[in-house]
């Protein structure tokens, strides 16, 4: 009969109304500033720089190779290399700025980095009152510890650590071998260049 | 001035006449009207603020959301925040708009609604304006809001607003017919157009049960028809086509912002209060208590409780039913409500002329026949409508 | 003359003049609604409550809205240039109107019937009106019902005609 | 209650009638002519109410009833008149009275 559907609908909404008081699990709303949704591990917002040994200045993994600066599609990364007292460049960034109002979170910088030094962050509360200055993150803002990296992306960070450890061991083994070879002929050759770091073994981000 | 306590209503009336008597004699009529107007406006503005909050919270709960809960404890100060927001918002008038008419339209919507509120008796002797032709006056002032809708739609110089205004006018004029025809039964059987006498006549009790109009067959049918038509008349969901935001942005209110929009909003809610008050007065026994042992509660409290229930009903319906289409709306009005309200008049006449039946079971028989006079045609119309696929369940050609 | 009368008469005359003078047709309809409303207020002022409300309901609620609808349905015609200020017919029409007013005013002012004193306000209840509608005036009421039905059918037929053809 | 003499009401009604007459005679838009006619009808109604109020026996309700009937008739007249205008507009694309004179000899 005409009108029975209306009554059915009214009963359904009444059930929802009273049910939302008696069964709190019905309420799907997350009341944001107090409650925050846990983001999935693969969530990414903007890049940050990883440092080791609790030293945000010296411990940066970045060697200022500028690959990321060149690869960045919107060109939001700016790097200046540190120089020693004689003006010779050393493997450390003096300036490392990322304009996150330009960054498009493409993760290309992470994928090209040979040293696993730049990674994607998960912070999203980045509102600022100023449009220009406050959204340019400097080296000191970008530097975050490896522990933090482990905290936000445990799987990925574990893989990266394993890989870095393996590379380091390989390097030490290689250096030992080289030393053994060099010691054996006992020829005083000039110190070889430290072996260039292993070819960029990319840490594939688990999809 | 000694306040003689006889009843809470008499106390209020004495308080007012005492206040008025303080003024010089020449100003007394003006002061008396001003006090009545102020009380009506303040009372219903307070109810308006509360209703907006309860509506948002209720709709939220219906959709399994908590609703507004940020401003103040449990979001109690939300209406204040809304008011401040609409006050400080920029008032935008379109460049092509007709400024004078654009300015006047919200007032033309609000003023008749407030006037209609003044006619509703909140208790015995507690109507701001108690006139002999009160019901006629109610419908007369109600017609002005159509003009307001048209002014808003035309003055904004926008195709959506004019479409919304046209829809609003067509809808209001169409639904005025079943609205008035269903009140006609009450007028016929109570023999008066005065709202306070209509409410007074429903004040008797029959074995402790109230003698409200809704407990008669014509009253029940009239109440349902009136309720549907009132929903359409006050542009509430599911008949909120004039502002159907999915197709018309905001209907005739599209080009309004800030305080003018708030005035429109207030006008709509005042209209809803007025028509709810009229429903209560005509069918739900006005200010009378539902049971004879509850008459010690003051009449205006009963009225406000009933008003709250009516508003809850409107919110519930809004949270449940989807908006109807224009052709469905018009078909429903002209092919369903109008014939039924005409038949309802016949049922009322039958009830009136069988009032002298005295044999045992007469009341039940009258009820059954009177109810059948409306229920059977209703079933007939709905069956034939379903056969013509006019009102059947919707067929989704692509979705299934 | 009471202040209320002066105010209402001024409003009525101004709005009805505006209704016939405005070039924009929608203004015409809106000021016509104001004129009807002020006329209804005059009826209320004269103690004819029922007639006043009927006036508001029928004229403001129905006739003004109808005129608005008609104006919008015949929208393109409304932009026709109209020059009431030129042409002989305008002067003739206005002259006739003034002449008619002169005749009426002369007769009204010199009439002895107008010197009537105002009686006490009559106590007409709605019930009395209804009863006399159903007794003394029942034939006109029935005829009126017939007329309204015929008018409703006629208007609907006129408006439907085009749709059936196309 | 108003102490306005009857003559002012009659003069007001006469003025209203003349305004309506002027509009009906001079305007060329059919809708405006209809508005003029409505104004004239209303002037007559005002006269009826005023005479009813000032009559020695207002309980007879004659003038009052006349106004009620006249309001109802005017509503019917407006509805049919406007329907005619709209349907002529559909054929002729005009609401000017000159455009509707094809039957004129």
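As written, the chain order gives the labels A, B, C and D, with residue 1 at the start of each chain.
Definition applied: a residue touches a chain if its C-beta (ideal position, glycine included) is under 8 Å from a C-beta of that chain, and two chains touch if they have at least 3 such contacts.
Everything numeric here is computed off the predicted structure, so don't read it as measured data.
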**Request:** Taking all protein C-alpha atoms shown, work out their mean, then name the chain whose own C-alpha mean is nearest to it.
**Result:** B
**Item:** Averaged-CA centre spacing for the pair chain D and chain B, given as whole angstrom
**Value:** 34
**Asked** How far is the middle of chain A from the middle of chain D, if each middle is the mean of its Cα atoms, in Å?
**Response** 83
**Request:** Between chain A and chain C, tell me the centre distance in angstrom, where each centre is the average of that chain's C-alpha atoms.
**Result:** 79
**Prompt:** Distance from the CA centroid of chain C to that of chain D, rounded to the nearest Å?
**Reply:** 5
**Request:** Give the residues of chain C that touch two or more other chains, as numbers and ranges in rising order.
**Result:** 50, 54, 62, 69
**Prompt:** Can you list the residues of chain B that touch 2 or more other chains?
**Reply:** none
**Asked** Tell me, which residues of chain A touch at least two other chains?
**Response** none
**Message:** How are the chains arranged in terms of who touches whom: line, ring, star, complete or other?
**Reply:** line
**Asked** Can you name every chain pair that touches?
**Response** A-B, B-C, C-D
**Asked** chain A touches which residues of chain B in the complex?
**Response** 58, 61-66, 69, 316-317, 319-321, 378-379, 382, 385-386, 391, 393
**Asked** How about chain A: which of its residues touch chain B in the complex?
**Response** 1-3, 5-6, 9-10, 12-14, 16-17, 19-21, 26-29, 31
**Prompt:** For chain B, which residues count as touching chain C in their complex?
**Reply:** 101, 131-133, 136-137, 139-144, 146-147, 150-151, 154, 162, 166, 169, 173, 176, 191-194
**Message:** For a test of understanding, state which residues of chain C touch chain D in their complex under the given definition.
**Reply:** 1-2, 4-5, 9, 12-13, 16-17, 19-20, 25, 28, 32, 35-36, 39, 42-43, 45-48, 50-51, 54-55, 58-59, 62-63, 66-67, 69-71, 73-74, 76-78, 80, 82, 84, 89-90, 92-94, 96-98, 100-101, 104-105, 108-109, 114-116, 118-119, 121-122, 124, 128-129, 132-133, 137, 140, 144, 147-148, 150-152, 154-156, 158-159, 161-162
**Request:** Enumerate the contact residues on chain D facing chain C in the complex.
**Result:** 1-12, 14-23, 25-29, 31-32, 34-36, 38-39, 42, 45-46, 49-50, 52-56, 58-59, 61, 64-65, 67-69, 71-80, 82-87, 89-90, 93-96
